[in-house]
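What follows is a short report on a single structure.
Chain IDs A, B, C and D follow the sequence of writing; residue 1 opens each chain.
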């Protein structure tokens, strides 16, 4: 099972402006990714852009798999032009995923924007446990996967920056308010989150205050994805660690913000 | 068309005989272990490991890398596990392969360079030393070991005395006269020079008006720098008698051959490992095919064979 | 968001006041006439024409250009029609526009530089001089005017005496310490420095094993060099008090702003004119939009505004 | 009428391995190109490749036009992936075309390989005159446009490098033999040619020997296409001239080989 493989595009569906769901069929058997793992996708064969783009596993479909991505710049824009039948060269699965083997039955999931991509994978893996999902997005249309979430029995608390769906607030504040009202919400709970840096920072401060254990998935500019370039580090209580290798999932308390 | 079996890919660098001219560039192949999954390490000409210092180094704060047109800037800040840890934890793995291990190293002072060279000289399984002189010289008020010919001569000759293994000096391209720097390294006793290290560059995020790298400046590598690297290898080939190891933006066998024609006895693959983790093997195979097609018996015949 | 009308794009370079910071880079915009079809020449900050010498020059044999990753090499060999022909045949056309004309020039010796500067100083419709010092100095045994600080000081100060118009010194990036070169130009009397000129590079055709340029080596330009150019502009900005004109790989308004944040008072667009002949105007419009969005009243406030 | 325009791809037909016929519809009115003129085509929006690619006008279709090209490397390979509806940004028409206003009624045309692209345009413009076309290609399948040539009444003398169609010889030798047998073939004739450098050189030597006047279209690496970079020169009896501006068509006697 090679971690450098080719995959053919089954579908590259535009969900809403700038948001795409890419369904891929690996042309050889690959290792099954864990939620939180990611792939380094070569968006083209040329030298511009030069480097692969990291994208999280969103959904595993029995050998095929899905990536959920937002057009952020040049690389993802090229990716969005792929059509069924096109072939992509992919490296992965990479990194350390979310720990799944946990005792607690009560899980709080927090997703900010595209953070829903890996959080959905995680929710699917943890289905059966008591999952509370807090999901923030910029606007109503960018709230994705709600149908799929319902299918696996998750009914998210939603907030949007513009108030077009759910409360008009950032999702960390929403979570805080829930917990202030009902502190038992967090006892014996485990927290998992993915989203923009500032959201994860605020969430971490909150979690530490409430002694809530948990894990967050971080992002960083990457070159190799394999742990060799040392380009993707974040500061932890034990020195710099590589997001691509020791991460992208870290325990909340080890990150130094 | 030559029979592939009869093609001689071996090259000599100092006391080393490499089975082919393709090495890895320091800092882009870790300590070799992560790539074993993608490349048969026994196939490589040599493995050059991430730059090491006497003590472990933390490196720079992130962000450490940023992509640029056909290139990338890095400011890793020479993060490494230190020579002792390398010898204890990484060398045993590398000793399993019959591929020479070249250790890239650096210091903050001449004394540190010398001590590092001594340690590495004594380490079983280290086949050659590559000294990275693109570091600031704290003693001489932050001049750079690799840009002031007098300082370069001094540090290389001191290391030469301390190291009996093959000694490669890795040159900085951020100089007016690269041929002169190569000559200085040769005069000071180097067995080979390698180049180019990264060109110093910078990128600014116009949204927050800050440098894109926490370290402000970083080193430019990748295909963007290749024309500069080829020119410098050609200049060094003309300036010295010792072998030149060429690198800078190689992403294909064709690029590697371009360096060899310009004067390189061997080449190193850097940033391209990030584009494809199995590229070193692809390049070795590609060089072999080129030689078969062009009916070249020995790769040594190609070194410096550009007709000007 | 600022009203576009209230945005001040003017910048000062020596005695010149430019209506905006966007100029053309010498050698990439001819003598202006070919681009009048695509760009409103009245909109440009300044037009910098192809480098001129006292006598017409034939230039190098072809091939003179070759594409490289995100860049190109050129070895035009300073082909030009000579200062007299320029004044007679090209200047009348350029005088029609209310855009300053900056003449890039060079010589083979200090005497030639001085004679050229005198002639151009006397020419009506030439608003400033840009001296290209990236040329070999025949007198001093082919050292380069732009790489030896002593020679640079001498040629710039001699030209300064001969030229009363605004004098810009165009620096070569092929040096160890660009800040030092800028300082030398300032001390010798330059009103501004411009950089970067091209990085020396080379490319080899592996099929016929010859250099791809008839001249063997050439100058690298285009986006590939941008990180090096940004770094050098930043270094020069810190080293001198006179304005810095930044160039090297600008293809968008974002790139131009990056240079300005690094310390450029004005920027020049080179290779990008070949990608799109109307790019200079697009870049001016883009800078204006950025300023409106970011609510910046005067472009001068952005020069050197990167927060390190 | 802008010489920098957008055009939509009507068709990008693969004629035979590596050879494509691209039909374009300019989205604004453009200047009608003359045979021998060329366009600088931006093959993509990225920085790799950086420069536009020069391609000759092959056929003018009343506002729409066609380019005939061979996949030679990275740029033309990207071009070949264009599909109907895609938009290309194009600069042109550029350069000095073949002189059409000539007295002679007897024209010898010589095309080598893709040299047929502009030579076809020329033949179409000169239709009505007495046209003899000598057309050399590498192999049978790469002999293009024969049907279209017949439509305009041109019946080419063909030779191929491998002898798979016509004689097995280079086309200049074929022409030489024709003329040696029948020298009147060249009296009061004008010669026009396009093809690889070595072919044009041999042809020029021959033409000079037989005092045959004529014009050839040259190629050179180009950056600007507008005469400003001075990158594309060829040596002439009057010094270096720019292929993009004074050329690509030059009179045979002025080129210094």
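In this section, a residue touches a chain if its C-beta (ideal position, glycine included) is under 8 Å from a C-beta of that chain, and two chains touch if they have at least 3 such contacts.
Values in this document were obtained by computation on a predicted structure and should not be read as measured data.
Between B-D and A-B, more contacting C-beta pairs join the chains of A-B. Per-chain Cα centroids separate chain A from chain C by 47 Å. With centres defined as mean CA coordinates, chain D is found 54 Å away from chain A.
Centroids of chain A and chain B (each the mean of its C-alpha atoms) stand 36 Å apart.
Counting partner chains per residue, chain A has residues 47-48 touching two or more of them. Across the assembly, chain B contributes 69-71, 222-223 as residues in contact with two or more other chains. If you sketch which chains touch which, every chain touches every other chain without exception. Residues of chain B that touch chain C in their complex: 68-71, 73, 147, 174-177, 199-204, 206, 209-211, 216-218, 220, 222-228, 230-231, 234, 249, 254, 257-258, 261-262, 290, 305-308. Chain D contributes residues 47-48 to its touches with chain B in the complex.
Within the complex formed with chain B, the chain A residues making contact are 3-4, 42, 47-52, 89, 91, 220-235, 239-240. Taken together, the chain C residues at the contact with chain A in this complex read 69-70. Chain B meets chain A in the complex at residues 27-30, 34-35, 37-38, 50, 58-59, 61-67, 69-72, 74, 76, 79, 222-223, 251, 271, 273-278.
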